[in-house]
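Two complexes follow with subunit A in common, the first pairing it with subunit B and the second with subunit C.
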Partner chain A sequence: MRRELHAEWTKLRTVAAPGWLLLAVVALTAAASAGVAATVTCPPAGCAYDVPKLGLVGVQLGQAVVAILAVLVIGGEYGTGMIRTTLTAMPRRAAVLAAKAAVLTGATLAAGTAAVLASMLAGRLILPGNGFVPAPGQALLSLGDGPTLRAAAGSVLYLALVALLGLGVATAVRESAVAIGVVLGLLYLFPIVIGMFADEGWRHLLYAIGPSTAGLTVQVTTGLRELPIGPWTGLGVLAAWAAGALLCGGLMLRARDA
Partner chain B sequence: MTVTAPYRSALPAGRDGITRTLRAEWTKFRTVRGWMITTVAAALVTMLLGLLFAVGSRTSCSVGPVEVACPAVPLGPGGEAVQDRFFFANQTLTGDGSITARVTSMTGVITYPPPDHDKLVSGLVPWAKAGIMIKASAAPGSSYAAVTLTGRHGVRMQDDFTHDTAGRPGGVTAAAPRWLRLTRSGGTLTGYESPDGTRWTEIGTARPAALPATVRAGLFVTSPSDMTVKANTMGGSIVQARFTQASAVFDRVEVRGRASGAWRGDDVGDDGGKTDWERYHRPSGLLQAGGTLTVTGSGDIAPSRDGVRVESTLTGVVLGLILVIVVAVMFVTAEYRRGLIRTTLLAEPRRGRVLAAKAAVAGAVAFVTGLTAGAVAVPLSVAVLRAGGNHVLPVSPLTEVRVVAGVAALFAATAVLAVALGALYRRSVAAVTTGIVLLVVPYVIATASVLPDAASEWLTRLSPAAGFAILQSIPEYAHVTGHYTPSDGYYPLAPWAGMAVLCLYAALALGLAVTRLRRRDA
Partner chain C sequence: MEAIIEVDGLRKRFGRTTALDGMTFTVTPGRVTGFVGPNGAGKSTTMRVILGLDMADEGTALVGGRPYASLRNPLGHVGALLDAAALQPSRKARDHLLWLAHSQGLTARRVDEVIELVGLRSVARRKAGGFSLGMRQRLGIAAALIGDPPILMLDEPSNGLDPEGIVWIRGLLRSLAAEGRAVLVSSHLMSELQDTAGHLVVVGRGRVVADTSVADLIETASGGRVTLRTTARPEAMTALARAGATVAATGSDTLTVSGLPAERVVTLLAEDAVPFSEVAAHRATLEEAYMDLTRDAVDFRAAGQEAAR
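Let's turn to the complex of A and B:
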């Protein structure tokens, strides 16, 4: 397994695209969070915004870049034919996929942490100027606050799980363009489809099984009781999606010709 | 010395023209089975999601435990659904004439407003109305023109629900009463106002669609619900409405012309439902004391926005667009991956023309796909929705055509944008993601997340997602209180302006792609 890990790490490190994409995760997440923070105002009478969720809204854009990175990690190899060399050199296919997953998770966790911290910092600097007042006894968007810490740490894990979902789908589909379409479709369409249904039962069901809707529940700090799923359970749903995709991809990688 | 003539092909020279390039590109597109299947799938998902939504929506009305037919929603003279509920103290007026009245007081009550929802507060909502009106009949939805004092928007002249003209701002007190006058001359009604009953200023004129010879002229009062909006944690927003009521005191009322003389009261649009406030404190109605008439009412006279909008059957368009993006991007990137681009550019060295042909073919295919999807999804889903008892807000046939053509235009512009992105990046993943991030992500974030309204509006103004405005079927009215945000289906740009933003992005990307293709090695 060490050999596989080393090989995958070398591939990720020596190609230009992953480095740029990881930078883009940080930059886009922070920029989107800052942009939203700059457009919101809180009137003196008070407002009902969920501040940690608002401060981390950039994750919804950053996840798209994470998905590209994840799809490219294996889809790029299929595109160039490199996959044949890889599988010749390392015939244990499950180990190759596991190594890819491990390297990808590590890289995403690092970039995700930077992105989330940058978003929180942006929110902390911008939001007070727009009328947001911290609750007495604590700073705005402070990591010392339990739910805020959960939202921040959960967002980093969320990005890592999105990466694993992308890797699994791309391994199963092999064609990068289709894989990215499927992943982004899964991530972005559930909220739209939920909006179509007036029936509360359907809405709750779709919310609880959608990878992005359930997963992003980890960012919610107010009104959790109105949601059909808890923050960590929600992240668990996304984890189940990622595990399912990886399992499918792994089995197909073993069974199929490269 | 032997001289050999150079070889000359006996084949006739191939004809050269844009049609050849177009045909070549169409052949490439047509013969890849996966692309054709995905294109058909794009149309199918658009239709199926619409139908799924229509089949899954049911509305029923009941009185107690008994299910009854839902009451018909009145339609205005323009065919739009309207709210038409107010108290009307009126006389019949035949032929030309006028009505003049002085308003000396306008007061109201708002039941249980925030923050604590535990008090009755006296006050007026911004669009509470008290004034004079000439209306075709007391039936809800009939043609009218009115000059009215409002809670916070001064004097207005309104007619046929959708038209609104501003007069002088300000409210009314006993010390500073407001005089209102409405005159009828044939089909034209003119509104005036005055601070003292001698110096009159014209506010505007109106030509209501259908005024018979004999009309009702009189005093009216109404007061729409007090509204607050709360963000829904699952996305979107929850609108809370509270009952309000307004009362106005009129005197020096004068109806000129062939009028009936006696006042009668009509609770226009009354559905029989009464709030506790109306039951135990103050019912709607008319109180007459000498020359003073006090009118109390509740409701609204405005286009209605309660109901299913036609474009809500088109949620599947977003999914269809993702498929269109994938196919259109691969239409270009597959050539780079397989090396076919070198053959293509050898056969047609005018590179701009190659890309233009690709964009045209992808755009045309997407247009036809979108048109088919829209033309099936909209009428079919609307029919299913209506059969399920849902109130679908009626729109004119022209608007419906625009919505259907809008789906086609969205598909086509997206395909052109995706072709350009594919040529710019040459890599499918980056191009597909950019396409989705530019078009789908802003739409999703603006309409289905908890983004603040201001941010949602900027997103749907500046990003290519502005193009979704072309699907908006119900316009926004400045004179109707409502929550107008992209998540409610109201876009900040007009339909065609929004579409123009998307087309601008597509044109810019295509221009950039042509320049890059010309300069770079293939």
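Let's turn to the complex of A and C:
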């Protein structure tokens, strides 16, 4: 497994695209968070905003870039036929997928941490000017606050799990364009479909099983009681999606001709 | 590890087409084995099965007595070039070899050695996507040699090479075999292997139609026939046919005679006073021998090439 990891790490760092995409994750996440923070205001009478969720809203944009990066990690090899060179050099297919997953997770965790910290910094700089005041004795968007820390760390893990979901789907479908469509569909269509249902039971069910809706509950710090699923359980639902996709992809990678 | 490839009874179907139909042969060390057959005969599929990329429905393929997929550092056992385009175009040539080296626990030093060996030093830091087919072919050969393997397997390695490149690869293959390695080289052109291969595995429709040395194959194809050069073709044909020979006109003044030894042909012609300028034992070219063998095994005669898989 050490050799597979070394090879996959060398692959990731010797083409330009992954580096640019990781940079884009940080830039887009922070920019979207800052942009939203700049447009909301809190009147002096107080407001009902969930400040950590608001400050980390850019994750919803950054996840798309993470998904694209993840798909390209293996989809690019299928597109060029290099997958056959890869599997000739490393015939243990499960180990190849595991190595790709590990390298991708590491890179996403690093970029995700930078993206989340930059978003929070932007929020701390912009939100006070728009009328947001911290609770007495606390700083705004402080990692010293338990729920805020959970929202921040959870967002980084959320991005890593989106990456694993993308890798699993791309391994299964072997076609970058199709895989990107499937993953972005899973991430962005659930919230839309939920809006089409009037029945509360259905809405709650779809919210609790949607990879992005359930996963992003990890950012929620207020009104948790009204949500159909808890923050860590929600992230667990996304983890289950990612594990399922990787398992499917891995089994198909092993069973099919390359 | 022993430098030997053993392919035994491989069968494989893709949907309704039978790609491999009992493919069986052995590649032994110290010589270049030519793997020839028309397009679609199963050469590439056999190679993919040997490398564990495709799974056979039946049969086994072993390298050094073991399945390829069980090898710890496979490129140290088998070097293969199946498809020179199987790389990511945005990666520099040297970096392509670098990840391959890392996958085998090798270092950048070996990368620079093989770059030198295939003559790509001046372009090693350029992106492989900008390479000509010939340069990619050299890069693929560098990749095959990276683990210094005792077994080499190359699919149509002269494709896209310029004449200088073709001479280079022939010399390289011969010297690799002379070092005691087992070398399997596929081609759909027999002439390409004429000077390189000592042994031939001829395939058609997914199975072996001949497994023989080059010398034996030409001997068989020549089949004791006699070539006769004469300006009096009709008279010669009459005289020889009367004696029971089968005579075929092969040129404006040449005949190919089978069924009679050369000496008897001379006697018969002298008796009838038929003039002739030359009588010689017919020597088939390798190309002719190959055409004889694969006549029934061509799937797509004059109907385009097999779509590249």
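List of remarks:
In this text, the second predicted complex is superposed on the first by the 258 of 258 C-alpha atoms of A that agree within 3 Å, B and C clash if a C-alpha of one lies under 4 Å from a C-alpha of the other, contacts with A are read in each partner's own complex, and residues count from 1 in each chain.
The criterion applied here is as follows: a contact is a pair of C-beta atoms (placed from the backbone, for glycine too) under 8 Å apart; a residue touches a chain by one contact, two chains touch by 3 or more.
Values in this document were obtained by computation on a predicted structure and should not be read as measured data.
Aligning the two structures on subunit A places subunit B and subunit C side by side, free of any clash.
Considering which of subunit B and subunit C touches more of subunit A, the answer is B. In the superposition on chain A, A:103 makes contact with neither subunit B nor subunit C. Within the superposed three-chain model, A:6 lies in touch with subunit C and out of touch with subunit B [touch as defined at top]. Applying the stated contact rule after C-alpha superposition, one finds that A:165 touches neither subunit B nor subunit C.
By the touch criterion defined above, A:239 lies against neither subunit B nor subunit C after alignment on the C-alpha atoms of chain A.
With both structures placed on the common chain, the touch criterion links A:15 to subunit C but leaves subunit B unconnected.
Shared-chain residue A:77: touches subunit C; no touch with subunit B. Touch criterion met: A:57 reaches subunit B, while subunit C stays clear of it. The overlay of the two complexes leaves subunit B and subunit C separated by a minimum Cα distance of 11 Å. Once the two complexes are overlaid on chain A, the subunit A residues touched by subunit B in the first and by subunit C in the second are 76. Per the touch definition, subunit A reaches subunit C in the complex via residues 3-4, 6-11, 14-17, 76-77, 80-85, 87-92, 257-258. In the complex of the two chains, the subunit A residues touching subunit B come out as 35-36, 39-41, 48-50, 53-54, 57, 60-61, 64-65, 67-68, 71-72, 75-76, 79, 175-181, 184-185, 188-189, 191-199, 202-203, 207, 213, 220, 222-224, 226-227. Residues 48, 51-55, 68-71, 73-75, 80, 82-83, 85-92, 95, 98-100, 102-105, 143 of subunit C are the ones that touch subunit A when the two sit in their complex. Residue ranges of subunit B in contact with subunit A, taken from their complex: 49, 52-53, 56-57, 230-231, 233-236, 312, 315, 318-319, 322-323, 325-326, 329-330, 333, 337, 427-433, 436-437, 440-441, 443-445, 447-452, 454-455, 458, 487.
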